[in-house]
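Next up: the structures, one after another.
Shared between the two complexes below is chain A, which has chain B as its partner in the first and chain C in the second.
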Partner chain A sequence: MSESIDIINAFALLTNFVILPALSYGSQLALGALAVTLVYSILRFSNFAQGDSMAFGTMLTIIISGYMISRGWTITGVPTALLAIPMALIGMSIYLLTMDRLVYRYYRKIKAKQNIIGITASIGVMFVTGGIVRFVLGASAQRFGDGERFIFSVREFKAFTGLEQGIALKTSQFLTITVAILLVSFLFYFLQRTKTGKAMRAYSDNTELALLSGIDPDKVVRITWLLVALFTTIAGTLYGLDKGFAPQQYHLLLLPIFASVIVGGIGSPIGAIAGAFLVAFSEILLTYAYKKFLIYLLPLSMHPNSLVQLIGTEYKYAISFVILVIVLIIKPTGLFKGKVLDE
Partner chain B sequence: MKSYMKTTAGFVISATMATASYGASVNVGELQGFTGPLESMIGPMSGGANLAVTETNASGNYLGGTTINVVQGDSVCIDPAVATAEAERLMNDENVMAIMGPNCSGNTGAVITNVLVPNGIVSISPSATSPALTTLEDGGWFFRTAPSDARQGPVLASIAISRGQTDMAVTHSNSDYGKGLADAFVTAYEAAGGKVTVLAGHDDDKADYSADVAALSAGGSSTLAVLGYADTGGRGIIAASEDTGAFSNYVFGDGMISDVTSGAVADGSWGTMPSPDLSLSDNWVRVAAVGGVNGLGVFSAESYDAMALIILASQAAGSTDRAAIQAQVMDVANAPGYQCYAGKLGECLAMISQGIPVDYVGATGVELDAGGTANGSYAESQVTGGAFSVVNIHK
Partner chain C sequence: MAYLEGNNLVASYGVVPILHECSVGVEKGELAVIVGPNGAGKSTVMRVLLGMLEATSGSVTLDGKDISMLSTQDRINHGLAFVPQTKNVFPSMTVEENLEMGGFIREDDINKTIDEVYELFPILHEKRKQLAMQLSGGQRQQVAFGRAMMTKPSVMLLDEPTAGVSPIVMDEIFSNILDVKKAGMAVLMVEQNAQQALNIADKGYVLVSGRNEHTGTGRDLINDPIVRKKFLGG
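For the complex of A and B:
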């Protein structure tokens, strides 16, 4: 290890272990959080089934991509899961629309006080969905990524730059960040520029007025579920490609996703994205051990002996909780002036 | 399974014949987890234990032609209450001279405390490997033919030092196995002058281990000891480490010795696993095959040795008295003496009756430490060409 101050290696180290993982994790959370925000804005309840729905979408991708691999329908270098997403999306849409027809539509019809009843109903859907996933794929972890694993690996990076610290860019990280940017741009274009998108915003802002001006509520609900299916399937698949698939892990994702939504401001799409990155960076920055990083930056006499780790990695999930509590106490509307949860 | 049925059937027939012949006979208990989590492994284990008895009875050299009957009890592996009740039944109702078993560490602890110590009867377990049993107060009534998990730590440490690996990060599965092994390893490694840069546990069945690996690598070492499971947490740790290039060398505990591991890391990483001397295991597999037992089954050799030790100790004591048997176990198990191997029980019994001291080597190279636990031997396996291959055997 060098004895002088070495900013470039310190930056490479941080990029490899903090910035890239946090960017891709944040993107995955953002997509999930947008799905929750959509359901909240249009259907007016907090969808607790989001994490397990992501597992359901990923399950469809795994099954379809497994079939495609067995038939040899692959493209060299591209994860087959990516090619399977359109098919999985169809399955996911059918599943969510069926759930809406079987469960949520009834409560809309009787004009129940939506959030609390919606939450309770969605918890039921959450257990059913999680149960189906475990029934079909089992509860154990599995990996389904194929194709090139890296855009460039640590070894290649080191050989190319001659640096002591390498940076690896995984295909899954690159895909996650790119796809997230594309999807988010699409969502904003859709909501701002298209007629259906405007109808959805109108329905969200003032339901009675929207109905009076001739907006078809069933169509708005359908389009919402289709968008949710899109975001859910892709978020789940990207998370699975990056970190592997395990039903319990997806179930637990609910917490950081809700933290993201509430931190950003409930019902605000921009807030959901900002909140997702805030949660992701907090989780990784607070659990990272900075010893090596500081050794690069500080003169020899000031080198730390301890790991300089603020919180052990096993407390990662607790960070979401803490952020949630702080925001609810200090600024219940979130960073982007959303609604208060039990409005 | 088939071979198990065969031995069991054979045993039932011989037992019936023994009762019919009015000859002197004695009962020995076999307390194993015939149902429960161990049931898939129990066939060869029970086969091994019964083979030792069949061999003895066939020789006619045991206590002047006395026949041994095996009385089986089901310890179900995970329920200490059942194991205790079964041990008491064997002891009181069946009047066994000693008990071969039980299997799982939790059960074994309960049987030691509730049955062995208060009543004074020997039990020899073939498969309870928890380090905690070493320190449990057993009054000298408990022995085991499988080495303690903690034995592997010092072996790993001494190999690491001899390979010149003087600093490393250590991660272990957050389980009794992982913690016990890590404690033993770190203590021995630091005593030998090694430096542990970071010591951290990992949970199994997480999806993402990148944060764990980032923390482990912050200590600056390029070597990582993974003391966990190849199919769950250990695999995740290695995947995250390879993704980020955090470590280039690995050291593995026996739970990691698997094709999954060797396929994921570069050549030169190494690990240890319990394994008897090659010539001993060849001999055992041959003897077992003749007796209709699958000698490759996990703990089948240890089961044979456990039962054989009971029989030989009783022969050395010249009686079936429980306390007399206890006094002889260490003597017949350890050097000095004439070395007895698996398949030679008849010969060995004859020597004992002639007053010649024996050193039972058996199927696994039995040598008990002062606490009555087998020392065991370990294979050092190195990854070469994407697969583990044994480079050395350490005792």
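For the complex of A and C:
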């Protein structure tokens, strides 16, 4: 009897420290990866500014929610950041459209088709964006979540189930997963069912023919940036609610996001989502210390002395790299048959 | 004056002159064919008619109105439709979505036109939920025609519709083109397979180095000994 309880305890432990965190981290990556995929499919470059754009969007949320809190415009239990998102979204849209106007539009105009030119331009935008964020909010880490921290806490869970190990569901995790599902459903509905969404796919599929069919390229580009603003602001805010806000952390997010996109297949939205979860689960599964988990499952004589951690957390970004290398060697088109880079 | 007409067109790519006072025209319900050796400027004529390349001199008229200054976009709004030689479908979209995109600029109900396309090409109705890239070459060409017909154009411009297809598919495509013509459109096409194209053409233009070398009905050109010798292989 106690053995089956041990198994349940072991999996409660795993759910709390691996599955829930990986699901929410994966959702955050997926939203970022979808933004990268949109830019790649329509504007034809890999957007290196994605991580810092997420920081920019989060910065707007932090400023606006701070103002809302100071005016007492809050709803009990709900993170104010969530209420600030619509306003932040407007700011983010303006910022991205301005950047497009100032930087990217020029390269479209001179018909610079190579990915590398867009990449180089976006690296410039990345530094400017990151600079603005550090200038406004500073480079240090901060937390901006308020409201109820848990949907249910470890203690509540333990009291309810009587288990030794508890599972906590953080508000940020719950929000992340729910919002990600909603946003992704919206995106797929938009691309598959609406006239504008289909026009975007057509533009991505065969630009010349799309122009011949009367699809307005400027409108397609505008809508792309609006969608990117939506995904970027929300991904950034959710990540910040979950793990706190630090500009450098956001900057580094570029790696796992690009890994997700390439693993899933460049230009494939489904691939981006699958890739994001693959990267998130690998990162967390490989850096988790399994000692306690194994103590529950193994007989006393086999209990481990060490932490049984495969890779130290400080190496978690290396995992994205390794996954990338493996995929590029074995299946360069990614899991969902995307385009091969350097086309 | 023909329904769609290009008069004394002069055009060049950068400093390389391509067209030297070249003229073509086509009436409604008529099939005109432009043939000639490689590099004669056949496709360039089409690009100029569509406004994808600016002519240095000469004019393009549609139904008597000068459209030389209009953008490609506007010319399509005025009734021109174009089927490029390659990349003429949206490969990762379904047949039906391809047609919908063809009718993108229309504000009215496009379903009737979609049904008309299906009537003309019944196989497309059967495969309407399939991705264009999964179709055979001939079927894909039908999708390309169908897409172009969605704007209810009065003129259809076809750039080498039979390039790289088997003889059987070529016959199929030519018969599709005759169907399109029967629907009342003016059809102007550029063709490599000169003999077969002139056979079904009402009017033919033989272009050499960007100049009109021979002009006449399809039959006249086929029977012309000089044309036969130089362009049709004896």
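In this text, the second predicted complex is superposed on the first by the 337 of 343 C-alpha atoms of A that agree within 3 Å, B and C clash if a C-alpha of one lies under 4 Å from a C-alpha of the other, contacts with A are read in each partner's own complex, and residues count from 1 in each chain.
Rule of thumb we're sticking to: a residue touches a chain if its C-beta (ideal position, glycine included) is under 8 Å from a C-beta of that chain, and two chains touch if they have at least 3 such contacts.
Since we're looking at a predicted model, the values are computed, not measured.
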Message: Quick check on the superposed pair: does A:198 touch chain B, chain C, both, or neither? Answer first, second, both or neither.
response: second
Task: Give one of first, second, both or neither to describe whether A:248 is in contact with chain B, with chain C, with both, or with none.
output: first
- prompt: Touch check for A:215: first (chain B), second (chain C), both, or neither?
  reply: second
Query: Who contacts more of chain A, chain B or chain C?
result: B
Message: Per the contact definition, I'd like the list of chain A residues that touch chain B in the complex.
response: 1, 16-18, 21, 140-141, 149, 153-155, 158, 166, 168, 170, 239, 242-246, 248-249, 283-284, 287-293, 295, 307-309, 312-314, 316
Task: In the complex, go through chain A and note every residue touching chain C.
output: 195, 198-199, 201-202, 205-206, 208-215
Statement: Touching chain A in the complex, chain C uses residues 72-73, 76-77, 82, 84, 87-93, 97, 100-102, 104-105, 147, 151
Message: So in the complex, the part of chain B that touches chain A is made up of which residues?
response: 198, 200-201, 203, 205-208, 210-212, 214-215, 217-220, 232, 236, 239, 243-246
